[in-house]
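Scrolling down, you'll hit the structures one after another.
Across the two complexes that follow, chain A remains constant while its partner is chain B and subsequently chain C.
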Partner chain A sequence: MKNLNKTKVFLLAVLLTSIIFSNYNYTKEKTGGDSKVYIKLVVDGLACPFCAYGLEKKINTIEGAENLFINLKDGFVTFEVPRENLPGEEKLKEIVEDAGFVAREISFSENPFSKEKKEDQQ
Partner chain B sequence: MILEFYHERLVKFLLKLKTILILYILVIFSALRIAAHEPLYGNGPHVLFKGGFAPGIVIQSGFGYLTTEYSLGYGLTKDWTLNGGVAFSNLNHSYEYKGFLIKNKYRFYSYFKPGLSILVSAIAAVFVPKNSSAPKVLNLGITGGQESIHWYWFVDAAYAFIITDNNFKPGNEINYSATIGYRPFEIDYYKPDLVLFIEGIGKYQETSKQNGSTVTNTSGNYWAIAPTFFLSYKNYALRGGVEFGVANTGSINKPDTNYKISIELHI
Partner chain C sequence: MKIEIIMLLGLLLFAGCSTNEEYRFVREISLNGMKPISIAIAEDGIWVSDSENNRVVKIDDNGKIINEFDGFRRPMQIGLANGKLYVPEYLTDSIKVIIDGKVIPFNLGIKPNSPAGIDADASIIAVADFYNHRIIVKDKKETYTFGNKGHKKGELFYPTDVKIIGDKIVVADAYNNRVQVFSKKGKAISVIGEKDTLKVASGIDADENKIFVTDSNNNRVLVYDWEGNRLQTLTQNISYPVDVVLNNNKLFISNFHKGTISIYEK
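For the complex of A and B:
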């Protein structure tokens, strides 16, 4: 009898753990996690990969910036930063200007941005 | 009779000296035109990003000579790039250090749109030769142009002051160029990128002077054309092209056919 109870407790624990973890993962997927902010910069003047490298280098000076993606054809950049290192709009404008360009639009999101232009509206 | 003989020899010697000096300046001026995301034989308005470094090598070769220039650019501000370099030449199988150059480029106008930039920059460059008797060259110019995801164009003009303490002073020069370029493949930051250019190059040389007096038949123009390419992958760039002399007037020769290659890195 004791063994049966132990088994029930064990199974219940496994079930609860699974529910908690699945819910955690669902929440994380839905909100993009609680520690990252996704940034999209629409940049004017981006016309060649060789000059766009300066933008990559400047963005990488933001502590914790990662998953940088540059779309030259549609003129935007996306990346993510830890919430605690989130730069303000003025800082982001300065970074783009130091790279030799102009930031036309700056967007922040809890969700990753698409690498295609169609999600510009996001 | 004797005086006439020595006068003739002196004239021949001066003409020879003039030819050497002009060739020397031509070679050095070619080296002065540092390739930094701009036309290979002309100048473009592009400047480095703030805090960026751009080490590069430019090799130019023609009949009987080869010059190599090692340069390092630095983005002092988002609009101001400082470039320093040392030039070596191999003339008649003798490889030697020729001098150093410092070049400033300041972008004073920019207009940006999606996928397009129009820039105008001022250029000031000085070449200081190793040999103190060789002429120093101070180059002041302006350059502008457009870069876009398909089409490029650039124009530039620069006045070169030839500074020397010698009795013989080669004439100052006006160098100018116009370039158009086209990117034949779709632009992608993560793929190699190719742009093809056609550069038209011109030079006007003023009359030279000997002891302050004008030396006749020393001025003129030449024009040349150069198909060039720009191949880059992110921060690595390779440029190359061939210059062909097209026409000349007065007493200066068209440039001999020569090739130029440059490798540049942005870090």
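For the complex of A and C:
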């Protein structure tokens, strides 16, 4: 009886591990991997190129930040960072302020943001 | 009758002279998707800093690219002097020079924090040091700076362009929304445009008689005399102007968001 219980517990543990692992892999596949987080900053006054590129320069100081895209027309910036270097909201606000702006909106996502304003408003 | 004729001729002469002083829109060059920050006029074309695409290009009168230099990291307000094109590179805090088809680094002597604009003459090179709110000047003996962060006369708030003219340096004091005139050694001489509600005075040019400034957020270019009197306001076909260049009585204005260069002529 005791041995039977042990076997059941063992099988249950294996089953649970398999379920968790397969779900982890599924999520990883679906979101394009767990290694990156996508960030979007909506900033007022970004039409000025001196300011926009200044913000770009500050964002480049975040370790591993890449694929930065600036939408000057609609006033937002998107980029991606490795999950292990993910800056908090406060840090991002500080970066934006250092560049001479105030962040109106900060968003994080597992998926890339659209480069057009229209789709993001949906 | 004689007096009337003389008066009429005088009036016509006056009207003729007045008209001659005004700049009028002539045409617009489309840049096919570029966002021009700055322009410089060469003998065989127009240099354009296309910051969005991290390059500097030379175009012909119709906007066709005739020469291209890639690999810059946000080239900003360029300056052409003595056959050299000076390019301030905003993201790398460095200056590069295009000469004889080659891009070479230029040692300024003091490191800027986002160099936004540059000009040179036979004796000095001046750089608008955006995030340090100052101007860096390199002459034949030394490199020195003037200006610091602030809003009073002689202080700067995010300067974006410089122009050396005679013994003076004119500065686009962009976020103080004005132009300032300094001596080459940095003595503050005058402030121009403070009462005209400029919104981002980003680009400038000047000659012995006039100072031209782009008023970016107001979509206009203002023309002043050296005493600070506003002589003309240009608005036709001007959309978010960032730079203005005077060349042979023509004004070339870069329309950043629209991706064009507007040409005015006297």
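The rule is short, and it goes like this: the second predicted complex is superposed on the first by the 91 of 122 C-alpha atoms of A that agree within 3 Å, B and C clash if a C-alpha of one lies under 4 Å from a C-alpha of the other, contacts with A are read in each partner's own complex, and residues count from 1 in each chain.
Note that contacts are C-beta pairs under 8 Å (C-beta built on N, C-alpha and C of every residue); 3 or more make two chains touch, one makes a residue touch a chain.
Just so it is clear, the model here is predicted, and its values are computed rather than measured.
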- Message: Given the alignment on chain A, is it a clash or a fit between chain B and chain C?
- Response: clash
- In this superposed model, does chain C or chain B come into contact with more residues of chain A? B
- Item | Partner chain(s) touched by A:Lys57 [first = chain B, second = chain C, both, neither] | both
- Query: If you stack the two complexes on chain A, which partner ends up touching A:Leu72: first (chain B), second (chain C), both, or neither?
  - Reply: both
- In the superposed arrangement, which partner chain does A:Ala47 touch: chain B (first), chain C (second), both, or neither? both
- In the superposed arrangement, does A:Gly100 touch chain B (first), chain C (second), both or neither? both
- Can you tell which stretch of chain B collides with chain C among 7-15, 43-51 or 205-213? 43-51
- Message: From the superposed pair, tell me which chain A residues show up as contacts to chain B and also as contacts to chain C.
- Response: 47-50, 53-54, 56-57, 72-73, 100
- Going by the contact rule at the top, pick out the chain B residues touching chain A in the complex. 37, 46-52, 75, 78, 110, 112-117, 147-149, 183, 186-191, 193, 195, 230, 232-235, 237, 266-267
- Quick one: which bits of chain A touch chain B in the complex? Just the residue numbers, please. 42, 44-58, 70-73, 75, 97-102, 104
- Task: State the interface residues of chain A toward chain C in the complex, per the touch definition above.
- Result: 47-50, 53-54, 56-57, 60, 72-73, 100
- Task: Sort out for me which residues of chain C touch chain A in the complex.
- Result: 35, 37, 51, 74, 76, 90-91, 114, 116, 130-131, 158, 160, 174, 200, 202, 216-217, 240, 242, 256-257
